[in-house]
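Right after this note come the structures.
There are two complexes below, and they share chain A, which is joined by chain B in the first and by chain C in the second.
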Partner chain A sequence: MATFFKSRSVQLSILGLFFLIVFVPYFINIPQLEWLTTKLMIIAAVTNAFTIAIAVYSQWKRSGRFIREKRRGWAYHIYLLLLMAFMVFNGIVLGQDSTGYQWLLQAVVTPLSSVIYGILAFYMASAGARAFRARSPHAALLLIAGFVVLLYQAPLTGAFFPGFEPAADYLTKTFGMSVSRMFSISVCIGAIVLGVRMLTGKEVAFLGFGEE
Partner chain B sequence: MVEPLFTFPGLITGRTIGFLLVILIFVLAIYYMGQAKSPYIRRVPALDAIEDAVGRSTEMGKPVVCSFGCGGFEYWTIAGLSILGYVAKLCAETDTRLIVPTGGSSDSYIVREAAVDLVRNAYTVAGKSENFSEEDMPFLSGEQYAYTPGYVGILVRERPGTTIMTGSHWSEAMNIAEMSNAVGSITITAGCYTSNMAALACASDYVMLGEEQPAAGAYLSRDPSQLASIRVQDIYKFIAIGLMILGLIAINIGSDFIKRLISS
Partner chain C sequence: MTKEEGFDLFRWMATYDKRWIYVILFIVVLYPLMRPVGMPITVSELTRDYYDQINSLKEGDIVFDSWNMEFSGYMELKPGVLATHRIFIEKGVKLCIAFGHFEGVAIPDVVFSELRSVMQEYDYRELDDYIILGYILPNEAAVAALAQDFHGVVRQDWKGNPIEGTFLDQITNAGDFAMINDYTTGLATTFEVRHMVLTYGTPMVVNCIGVSIPGALANLDAGLYTGLLASTRGGAELEYLIGAPGPGLKSMDAFTFGHYMLIIFIIIGNIGHYGWARRTRYRDRTGIR
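And then the complex of A and B:
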């Protein structure tokens, strides 16, 4: 049975069928299919939830191997497994509103995430310092535009140099907006053509198949 | 709300033109994919650089790090998986170690399973299945900002020769691209939204722009029928540009014909 469902033609047929179930009701008014689409979305969400269990299992197995074989950084894997068990216990047994779970979330996960997000500013600055050099007229133009928009975003600039606002507004609403829309259009077209390749069986990487 | 120019019985109002355009794109793509001759396709430097970058890693004896994004099954991830399949094939053929950090969101678990199958398959096809190690495809975390330091940690410890970052990477992309640059790795990235793409263009050696990433699978396969599908993208881009120009002219002469047509 597993071999049957793993065959490329069966998977592509299922893909084609589900594509029609989702695609048709978006354009054509068929209430029955709309109901089916909603059900399909729920099935996808439930399937996705099951894969979390697979991920926990594979992480447990991988960390267990690290600890057994005393590989580099094995102590961190003990810490990881303990935290994972603690989080699962608090979340499933005591519930997501329990003090332990909420404390882990509010006092550990959220601040740590904020730190990682915060240091993004330094990475942006270092990349900007490397890239924004006026080596050519084009680069100089980019540098000036970037400088105007950057200063406009700084809170004090508006108070001391009101002239930046209309210039930055113009750059954002004309050049910025048009590039953004062109990007969206080209990506949409690319995505539809990718869909055609998937449905015709040319693009199969997402099914776990490579070039044969 | 713009009044549609026409409606079709049975079709949802406002989506008729969209429906026709999607049907047309399907017809054109299937027609061109059936043609035997290979069309001219412009070069995509970021995709051409992948082979050289993997070769560089092989010569230096360093690993290649390739990720397919943090998202669930969406077109960015599917495009990222196509690139991963190609990189895995190159690495398997050249005996280069491939590290694939996975995770990053609650939707990423399911993609990981497909990615493991894909890489394993690439090694098997190359006759090097003994070189495949699932441990080189670690699941870092289902949280974006726990995945980021995990990924950065791999870059610092392993010092890869090449870092290829595709699929839907979000704000963490800058942390990873900059760290990749700091460890002296060739950095090839793909942005999945405009502001991210601009930032990645600063941080990376090569960046894939717009639809280059969804087209990567076809471009890298060198298969004429798949390459032909890229031509359809170009045809549609010209149609989009044409409609924009016509719309601009129409609005300026006081006609909302194009606006109403597109809203039909």
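And then the complex of A and C:
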């Protein structure tokens, strides 16, 4: 039985069947399928959420190996495991309303998260200031466009020089938006191609099979 | 080629130490936060449209309030979050709050403590007027299931109170929400577009961080969003529009000085680059140093 379910063609058939159950109701109204579709979505959501348990287990094993073999930075892994255990204990055993969990979030996680985000401003300013060089006519055009948008973004400029707003608006809604659309369309086409390759058995790594 | 000697101003301008940027940016941002100047601000069409969308909601309308942000992202979106919720509270809009990140659990206390006075004024209470469902948008399947069968997925709020018997009884699927209001750093937003907006036609307004604006503008132009509030600047504009100054307007001085500083550093770098390159070509051509 196990061999049967491990077979590549059986797994692909199951995949194709479930794909159709979820995919078809988007285009054809079949009330009988809706209940099944919703149940499948809920099962997928719950299964997906449980992957966090696998992540915790994998991290535990990986860090354990680091500590046992005394690899570089092994002490940090002890710290990581202790904090992870403390967070899991507070979150699961005592609940997310508990003082311990809330303290960890409010006093440790959130300030660190804000600091990391704040530091990015310095890196971005530094990278922007040093990378924007008019080394070629193309780069000069990019620089001019960047200048207009940057000046418009500073609230004071808009208040004293209203002419910047239509210029920045034009650049954002034409060049900026076309690039953004191109990116979105490319990602979408890539996802469709990947989906088709998975359904037709050309991409089987996600099923645990090696590339053929 | 001999080694260049002495101080070359152009070379310094082209290759200045990045730590100068860090130090000056720190001063330029910190000073106006400590001593606000109160610079004028203009309100963009984008923010006006967003305000019109929010303002069109009626008392008792139920909004799916999606907090797709980590705490770090909240720091950028804070002005928009506070100003928008102030409007919701004043209008008596009912909120169904869901998180797209586990750090979202830490944000309600911060938001509602800032709005305590207006909540008391309008007698706005948890479970009667707003319900926090917690971290229920971890992946696309969860959003899709929630959109199709709301009560099949969620039966209690984040504190374990049953949602049965509350205003959420009126919701069966995503089409029953009057609006989706999404504060996002880019987590479950696209899932909501696919499974709530495209499937049920629920209007969606978005308050996004700066780097997401170009992508969000394309979605706005395509009609997937009906309103867009752009980052801290948009939040500050909304504060100005509703006459409720807050953290956004306070930060606009630092915002302005920071932008101008960056422009000055870009100009310095380019003058240095041009001058240094020109001088180097001249030296190579003539051999004069």
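By definition in this document, the second predicted complex is superposed on the first by the 192 of 212 C-alpha atoms of A that agree within 3 Å, B and C clash if a C-alpha of one lies under 4 Å from a C-alpha of the other, contacts with A are read in each partner's own complex, and residues count from 1 in each chain.
One rule holds for everything that comes next: a residue touches a chain if its C-beta (ideal position, glycine included) is under 8 Å from a C-beta of that chain, and two chains touch if they have at least 3 such contacts.
Predicted model, so just to flag it, every value in this text is computed and none were measured.
Of the two partner chains placed by superposition, only chain C is touched by A:106; chain B is not. Of the two partner chains, chain B and chain C are each touched by A:183.
By the touch criterion stated above, A:117 is placed in contact with chain B and with chain C alike. Looking at the shared chain after the overlay, A:132 reaches both chain B and chain C. Of the two partner chains placed by superposition, only chain B is touched by A:28; chain C is not.
Of the two partner chains, neither chain B nor chain C is touched by A:20.
By the document's definition of touching, of the two partners only chain B reaches A:195; chain C does not. Contact with chain B, but none with chain C, is seen for A:208 once the two complexes are overlaid on the shared chain.
In the superposition on chain A, A:54 makes contact with chain B only, not with chain C. Contacts of chain A with chain B, set against its contacts with chain C after fitting on chain A, overlap at residues 26, 48, 109, 113, 116-117, 126, 128, 130, 132, 179-180, 183. Across the interface of their complex, chain B is touched by residues 26-29, 47-48, 51-52, 54-55, 58-59, 62, 65, 109, 112-113, 116-117, 119-120, 123-124, 126-128, 130-132, 179-180, 182-183, 185-187, 189-198, 200, 202-203, 205-212 of chain A. On chain C, the positions that touch chain A within their shared complex are 18, 21-22, 25-26, 29, 39-42, 44, 70-73, 75-76, 103, 105-106, 109, 134, 138-139, 141-142, 144-145, 148-149, 152-153, 158-159, 199, 214-215, 217-218, 221, 233, 236, 252, 255-256, 258-263, 265-266, 269-270, 273-274.
Of all residues in chain A, those touching chain C in their complex are 26, 34, 37-38, 41-42, 44-45, 48-49, 96-97, 102, 105-106, 109-110, 113-114, 116-118, 121-122, 125-126, 128-130, 132-135, 143, 146-147, 150-151, 153-160, 162, 165, 172-173, 176-177, 179-181, 183-184.
Those residues of chain B lying in contact with chain A across their complex are 10-12, 15-16, 18-19, 22, 25-26, 29-30, 33, 72-73, 75, 77-79, 81-82, 84-86, 88-89, 103, 106-107, 109-110, 112-118, 121-122, 125, 134-135, 138-139, 142-146, 148-149, 171-172, 174-175, 177-179, 181, 193-194, 197, 199, 201-203, 210-215, 217-218, 221, 223, 225-226, 229-230, 232-233, 236-237, 240.
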